Structure formats: C-alpha cells, structure tokens
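Chain IDs A, B, C and D follow the sequence of writing; residue 1 opens each chain.
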Amino acid sequence: MAFRIGVVTFPGSLDDFDAARAVEMAGGTAGPLFHASDDLKEVDAVVLPGGFSYGDYLRCGAIARFAPIMESIIVAAEHGFPVLGICNGFQVLCESHLLPGALTRNQGLHFLCRDQKLKIENTKTIWTSGFTEGQEIVIPLKNGEGSFQCDDETLDMLESQGRVIARYVDFDPNGSRNLIAGITNARGNVVGLMPHPEHAIESLTGPSEDGLIFFTSALQQLVGR
Amino acid sequence: MKLDTVANATANPDTPQPWVELGLKEDEYARIKSILGRRPTASELAMYSVMWSEHCSYKSSKVHLKQFGEKAPKSDALLVGIGENAGVVDIGQNYAVTFKVESHNHPSFVEPYQGAATGVGGIVRDILTMGARPIAVMDPLRFGLADAPDTRRVLPGIVAGVGGYGNCLGLPNIGGEIVFDETYAGNPLVNALCVGVMKHEDIKLAKAHGAGNLVVLFGAKTGGDGIGGVSVLASETFNEAKPTKRPSVQVGDPFAEKVLIECCLEIFKADLVVGIQDLGGAGLSCATSELASAGSGGMEIQLDKVPLRDPSLSPEEILMSESQERMCAIVEPSKVKQFLAICKKWDVTATVIGEVTSGERLHISFNGELIVDVPPRTVAHDGPVYNRPIEKPAYIAERQAVTINIPMPTSSTEVKAAILKLIAAPNIADKSWVTSQYDKYVQGNSVLAQPEDSGMIRIDAETNLGVAVSTDANARWSYLDPYEGVKLALAESMRNIATTGAKPLAVTNCLNFGSPEDPGVMWQFAETVRGLADACLELGLPVTGGNVSFYNQTGSVAILPTPVIGVLGVIQDVRKRTKMGFEKAGQDIYLIGAVDSNMSGSEWAYLHGEIGNHAPKSDLAMEARLVELLLEGQPIFESAHDVSNGGLAATLAESALKNNIGAKVELENVAVALFSETPGRVVVSINESSTNSIIALAGKYQIPVTKIGMTGGSELIINETHISLTELSKAHTETFPKLSG
Amino acid sequence: MATIVVEVMLKPEILDPQGQAVASALPRLGFNFAKAVRQGKRFEIEIDGEPTPAQIAQVEDAAHKLLSNPVIETYVIKVEK
Amino acid sequence: MATIVVEVMLKPEILDPQGQAVASALPRLGFNFAKAVRQGKRFEIEIDGEPTPAQIAQVEDAAHKLLSNPVIETYVIKVEK
C-alpha cells in the first residue's frame, strides 16, 4: 500500500494542489487536510504548502500557525512525524517554533520568481535522503519574504550541527544569512525550504525534475520506519 | 439627512439635483425624468449616472461595436458571445475556456499599486462569474518615457500591484506587454487579462430568473471605496484643475478574493446558483439592474440588509460603492441553506438582500421605504447611445507626406552599435526585472510563460490538451493607420499563438483611446473597430468580448490609439509546443516571410525620433497561410520565434540569449533586414535533415523561406559583425535594473 | 541624538485588510478585547542632536512625499528622546 | 472607548531592508536629516471603555503570541485616549 502524505490547505494556500500532485507523482497517495480540523487522518507525513495563508498580512505564516491542524502537527512533529514546509509552509514552521529563525522581507523588497540553483548540504533528513551530498539542483523560487534571519548563536548552532539542508548557489536572491535556503530540526524529520520542489517535478512545466527527489526521499524513508 | 424616497420625489418634483456633478448631460437627465414620469430619487439618480457613464454604458462606442456581431464569422467554437461578463469558447474534450481583457487605466495613475491590483481582481471576478476556475493572467502595460519621473512613480507601483494581487490569488502570470511612449505620460495603460476553464455544463450566466428566488450578496463588506469612481473617474478626462473629482481609491484584498474564488467554485460544483454577477464598476447598481434586466422579471432589494464596513454610508453611496471582492448570486430558496453553509466554511460573509419578483420593476427599499422604482432595462441596457462626430484628423495627411530620414548602419562597427542600442532600448530590453515579480509557476500547468511568444497552460494532465494566449498591439501603426494597425495587431497575436504550436480560436480586445468627444479620436476608434471586425471575419475568428477605455488623454493630447488584441489558441498536446530559444548548436536558421524596407512605426525609427508615414499594409490571407504553415511545420521546428517589435535583430538576439546558444547569420541589405518590422515573419531553427520539408511547406503555402544561417557558438555573428553573447546579454538585461535603481 | 517617529496609518475610510486579518485572528486565539484593529507603519528616524524646526519641516515634507501616500494614508510626526 | 497601540519593531541586529530602502531614498529626494531609519508596524486596537489591567495583560499576551515574532521583533504597548 502506498504511503499517505497529507497536504494542508489553509485559507490562502496556493500550492496545495501542486504539492499533492508531486506526492502522487513520487508514488505516494496525497491526503487533503483542512486547516479547521485537528484530524491528521492517519497520514504518514505532512506537507505544508506554499501560498499566502490568511493573506500573510500580519507576518507570513503567523496566523496559520494557530490553525487547529497545526496543533496536531506540532505535537506529532515533536515525536518524529515527518513534516516538510515549503515557502509559506517554512514560514509557518518557523512561526510555530518547530524550526528556529524567521523569514523576513527579501532584501530587494520585491517578490521574486526565478529558477534558482541550490546546493544540497544535508542528505540525512527524511526529505533529502535521496540526494547526494553537495548535489546542485535547480528549482523555482518565488516569494516576497524569503530572507532567512536568526541571531548569531542560532546560526552557529545550525551550521555546527549541519542543519542547513540547502543553500543558494551563484545568486543571492534575498539576503538570507549564510545563503540559507532550507533547514531541518535536530531530529531531521522537520524540514523547511524556501524554494518550491513541487514545481520542479516535470520538465514540461518546471525548470527541472529535481524537486521530485524531496518526495521520493520521504516515501523511501517511510518504508524503513 | 432625510431619505429621498419615491414618494418624496413625486411630492417634491422641483428639488434641485446634482446631475451635472454626477456626469450626466442635460438631455440624459431629462430622459431619466421621462422614463420615470417624475424626477429620480437620489438613489435612482446615482444608479442612472453610474450606469449611463461611458465606462458602463458604452454610449460612444456601442454604434461601432455592433459590427462585431454583424460581421461575426460563423464559429462552432463560440459557446457564449459578447454581452456576458466574458465570452466562452469550446476547446474540445468537453472543456470550455473563457478569457477577457479589461482596462484599469485611470485608477492606476491615481494610485498605481491599488489601481493595478484591483484591475487584476476585477477581471478575475469576471472570469469566475462565468462558472470558470481562473487559471492564468496577463498584463499589457503602457507607460510614459522610461526615464520620466512620473514613470518612476507609476511603473514600480503598477508592477507590484499586478504581482501583489495575482500572486496572492495563485494565478500564474504568463505574459503581457510593457511599452513606453511619451503619450502615455499621465495616462498609463493597465490592461489585465484573465483566462478560466470549466466544463461545458458549468457555464453560468448573469440572469435573474424565477420569481421567489433569492438575491444573495456575498464576499467583502461594503465600504466607501471608489464612490463616484465609475462615472467620474472612468469617464472624465483626468484633470488636475478639478481636484474634487479625485475619487476615493479602491483598495484590494486579494486574500478575500482567493477565498471567494474557492467558495464560488464549491458553490458551482454543488449547483447552487441560478445566475451570478460580480460587483465591479458601479457595484450594486450594476449587479442588481443587470441581473434583473437580463432576467425574466423584476427584483426587490432591501438595501439596509447590505453588510457595511462603514455604517455611515447613505443608500446612494451603498448603491455606487465599488468595494472589491463582492459577488451577487440568484439562489433558489431550497438551496440557500447549503449556499450559506459553504460561505461559512470559507469564512465568507453572505446575506440574502432580496428576491426575484414576477413584476417588471426593480424595487429597492431602505428601512422599509421605497427609494428606487425603475424598469431595470432602462438602467442597465437601454442607456444613451451617441453617434459622435467623426473626422479624419489632419495629422494623417501630414504624416503621409513625410519622408523618413533615419541613419541605416552599414559598416560592421555601425551594425554592432545599432544592434546593441536597439536591444537595450526600453521597449525591446529584457523585461525580467518586471516579470520576475510575477509567479509563473503556481498551479503547475504553465507550459510557456514570458518571454515566450505566447503563454501556454495545460488544461488536462491526462490528455495534454492546452491553451495558448497572446496579447499584442502596435500603437504606432494604429496611429499612422488605425484600420491597418489593428489588423496587424490581430495578425501578430495570431502569429504568436501559431509560433508556439497552437491553433488560433478566438479574440478578445481592450480598446484604449483618447476622448470620444474629439472627432479625430472617434475616427481612430471607428477605423479600429471596422478593421478588427473585418479582420476577424476574414480570418474566421470570433470576438468573444472586450473592453473600451476612453478619455486617456492629458489636455488635448490623446494617447496613441492602443487596441490591445488578445488571441486564444488550442493545442492538442502541450508536450509538442515550440519554444523561442535556439535548442542546439549546428541547426539551420530559416526566416519565414519576406522583408520590405518600410521603417514606419519601427523601434529603430522611434529611437531616432521618427514615427514615419505609412503603416505596413496587412495581408491577412498570407497571415492565415503562415499560421497553417507554422502548425503543419511544428514537428520539424526546434525553435520558433516571431519577428515583431525590434525586427529580426531583436528576434535573433532573444533566440540566442534564451539558452545561450549563438548564431552565424548572412543577410543582404543588412540594416533593412535587421531593423525593418515587416509583419508576417517568423524565425525557426530546424535540423538539416528537415530541409526538404521546410522547402515543401514554403511551396505549399506560397510563403518565401530563406536559410539565413546556423546556430552555435558564443557569439551572434551577422555577416562581418561579431557580438559576444556576454556583451549582447549585458546590453539587453541592464536597462531595467538601471531604470529602477 | 534623537529619534523622530513618523506614524503612517490608512485613512479611516480606506479598507485595511491587514488590520482585518488581525481582528479576525484575535478571537480565534481567545482574545476578545478588540472592537477593531487598524495596522499601519512606524518609521524611526535617527538624527544627530536635537531636531531643529527646519529639520521637522523637512521630515514633514518627506512624510508627505515618501513615507506616506496621501491618497490613502495620513501620518503623524513625533519626537522621541 | 480607548485605543491601545502596539508598536512592533525589528530587533536592532535583524536586517531591515525596508528601513534601509527609505534611508537611501531620502537623500535622493534631497533630504539629508536621517542618520538611520528603521521601519516597523503599528497596530491600533480599539476597545470599549477604559482599558483594565486585565485587558492590558491580554494585549501583552497577544502582542507576544501574535502581533510580534519574538525571534526577530520587540514590541511596546501604549494606551491612547
């Protein structure tokens, strides 16, 4: 039986459909989850998709973090449940304090959509195990508030523990500290990533098919659990 | 203030009314009185004034636009034609596609961010109203000179507004235009196009049928946004001397609209509406009168039930408010509970504000008192019609007498300098600084987006059916000859569709002009409509809808006549689309079509302060054959890129820079070959093994095909001129960042 | 050294989606104190020494031209020590 | 009726590109008074009657949980009449 990966829809989520498609294309079954219920419906992992939850008018992810579904996800994640937050999902994870730091306004002050080269730095997380260390990939980046910021202590901790999972290469799109594009929690089950792997799953509609590996990685890791 | 009821209006026939301030003409006011048999109440006056404004009533353009119906080609694809919120075409496999382009010019000058944002919001609601899921947007834009101070104010705001709203809705932006010309200073054009898709059986119409059915207003609460905006803002020349006419600005809430979209789609899926209308210009005045007018009976509205953001609004203000993100639906009583439950799920405010009646009048009451009692048709559909004076402007003859005198480069140094100058010109330069502010990936179906010749969206992931859309206008040609100019714009748009491998199917348009009270402008308009109708008939493409924007002028100076033409095409298998960039080294480059030496209206002439004398003459029969050629030849094309603004020089540079693959090209009469913008041309690259096929195609369709060179290397080489791609790219990409810096 | 503060708020009649988002989030978190919320911007401008009337006039000018959009916003200038 | 104001600013060590953009735009417009600019948010919360200490405590709680992100921001609460 295929593993079920839940995709959460908050009001204002945009990439939920695409994330579900990526899960299916990777060989999993996508399970829609609605923000207003705290029922995880026995999914094996969860993706928090991109978008502008609640319009992102206050701070990105700040209001979504209090949705009933997040209460369940926070508890589960603390017990090792796999969670991938993409873009707005990453912002929600930071607001939930499942991941350290915060995502702030792009240094250029504009929304930026581009094909972005990344270097995968950590292949030990549930979501990145299918990559080789140092692998360079190209997937779309699209956000207005993607600049990863934290204090020096947190940055040292992330770097010394190898918790940066991906870094921007060749071009600094937003002024993130140490060019950080994605990080993980200590346990490696929660990953936040600013660029969008779900938009790089077929070369017809994306810049590459590199993004699919995030989803196949998780499905493979679930087998081993 | 005392409520001006119908009883009061009858009892006090001589109360003075501000019909002049509301933009009505004396005869129009008289006509309202004769329709009603008394003076209108304040609320009725508000409704008539907004609905009879140029923007809502098309009073100056109607007599001309009729031609789109009269000359309409027979088309089996057309499911819903002009008149509804947007036209709908059949693209096969039981899919129906709707698309439309609309202007939001004046509001975007006053408040660029919000004006542009609400422009996108408005067109998306039009598409949604048809029952469709919106799937993409495009934004044809025009600005004053790129380095003018006001452009620096207006452009970043408009771009941020288009992006801010569209990105938040989750609609990929798949194309548009950015053109600079001094006539747009003070009159930027913000046109927004939206495409939506649905199944045939899901098409919805804006009609109020069935006595006893309920009128439900849902979405955002009503505030004081844009009150008077319709009649005052959209139909009077913006004039700084009359600051009181500065309307309050509409502010968009894209999140509210995103939720409204999801809510509507769920309501449509459950089949809960009889008719539906969005609230755009003229707000509730428009929605109620149009629904009732198009329906079978009358309507009764209790205006005090409208949920207000600002409780101090008067009834006439409620009727005129242009608060965004609102919809009005006609719902059977038995389905209202379910309707309201879905709204609740999405946290969308929904209120029953009235019902459809068996009568013939639109009755609106406020706290139990009747304030509107009108025949809805007289408000919505039977507004004034003007046959405005038309006169061919004197400049036409003056222009035609001019001889063009612009430097044409000859030596290889001159050719190089000319190419670099041209591709760095704001009208030709790389637009990524703008387009990278737009999400082109969301929804995961964008097969092509800017800077490709057309945007392309996959409709069905199983069958790979897709649609392509392109928008084009060449205002300089329209200025020289509006009849030919619009035909050329249509031909270009159609060619852009076919260049990517899709078959042109239907046309939309947004006609941006100066004041209709100027007979010269009216002539430009009349010629444009005649040209477009004739061209559509000849090409067999139906016009499915459009929009007219008048009064785009500062003082006596009108903008260049700018008919923006959108063409929608269908492609059976999106995997087979052709892209604009050279794909591989060592492939043969062919120019399809022949060049001539007319430089009028070209960018090269414009860069030397010249507009020229005669626009090119369109050859639509040839353009139609070219489309056939492109479609039949599609399997052998490794790349294909249309030749338009900037001529062959721009086309070659763009194809080379796309994938960083150079080219070596041999041209005769090099300056004309590079910079002339003769229509009807496309550059393709093919494998050598396809040589016979392309020659056969040329013969079959009687279009000249010339091998001009070969792809490869890291330079663009034209005869003896060598330009490294690095240098080319620098010139092409530096312009916009510099302008913004 | 002083700080001049410019507070920019949307005019009361202008829709404030940001404030609305906060207003509707608060009760979901169990906070019921707010009747309405408006969200605006706050600029803290550091200057050398005490502000002179000429400087304040300049700030006023800048607030009007750059920091606010008079079409939809109003501003207030304050000096903090 | 009173207004409780919550002012939220980025912590000094956190990059503030918006404030920086203002700081570099000012001199281009001929304004040379600013040594540095920081941009933050201002929430105006309308409440019924005079604020009670319990209400202020609630606002404090909301400011901490929702209106600011303590990882990058600080806030100040003020009561205006």
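Following the convention adopted for this analysis, a contact is a pair of C-beta atoms (placed from the backbone, for glycine too) under 8 Å apart; a residue touches a chain by one contact, two chains touch by 3 or more.
No experiment lies behind these values; they were computed from the predicted model shown.
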Higher-contact pair (C-beta pairs counted), A-B versus B-C: A-B
Centre-of-Cα separation between chain C and chain B, whole angstrom: 36
Averaged-CA centre spacing for the pair chain D and chain B, given as whole angstrom: 41
Centroid spacing, where centroids are CA-atom means, of chain A and chain D in whole angstrom: 29
Chain A: positions in contact with at least two other chains: 54-55, 57-58, 63, 66
Where chain C touches two or more other chains at once, by residue number: 17, 20-22, 25, 29, 39
Sequence positions of chain B contacting 2 or more other chains: 253, 255-256, 347
Chain-to-chain touches, reported pairwise for every pair that qualifies: A-B, A-C, A-D, B-C, C-D
Complex interface listing, chain A residues touching chain B: 11-12, 14-15, 17-18, 21, 36, 50-52, 54-57, 110-114, 140, 142, 144, 196, 198-199, 201, 204-206
Contact footprint of chain A on chain D as seen in their complex: 10, 13-15, 17-18, 21, 66-67, 69, 71-72
For the chain B and chain C complex, residues of the former touching the latter: 110-111, 114, 220, 223-225, 246, 248-249, 251, 253, 255-256, 309-310, 323-324, 347
Touch list for chain C against partner chain A, complex: 17-18, 20-22, 25, 28-29, 39
Of chain C, residues touching chain D in the complex: 1, 4, 7-9, 19, 22, 25-26, 29, 31, 33-48, 55, 58-59, 61-62, 65-67
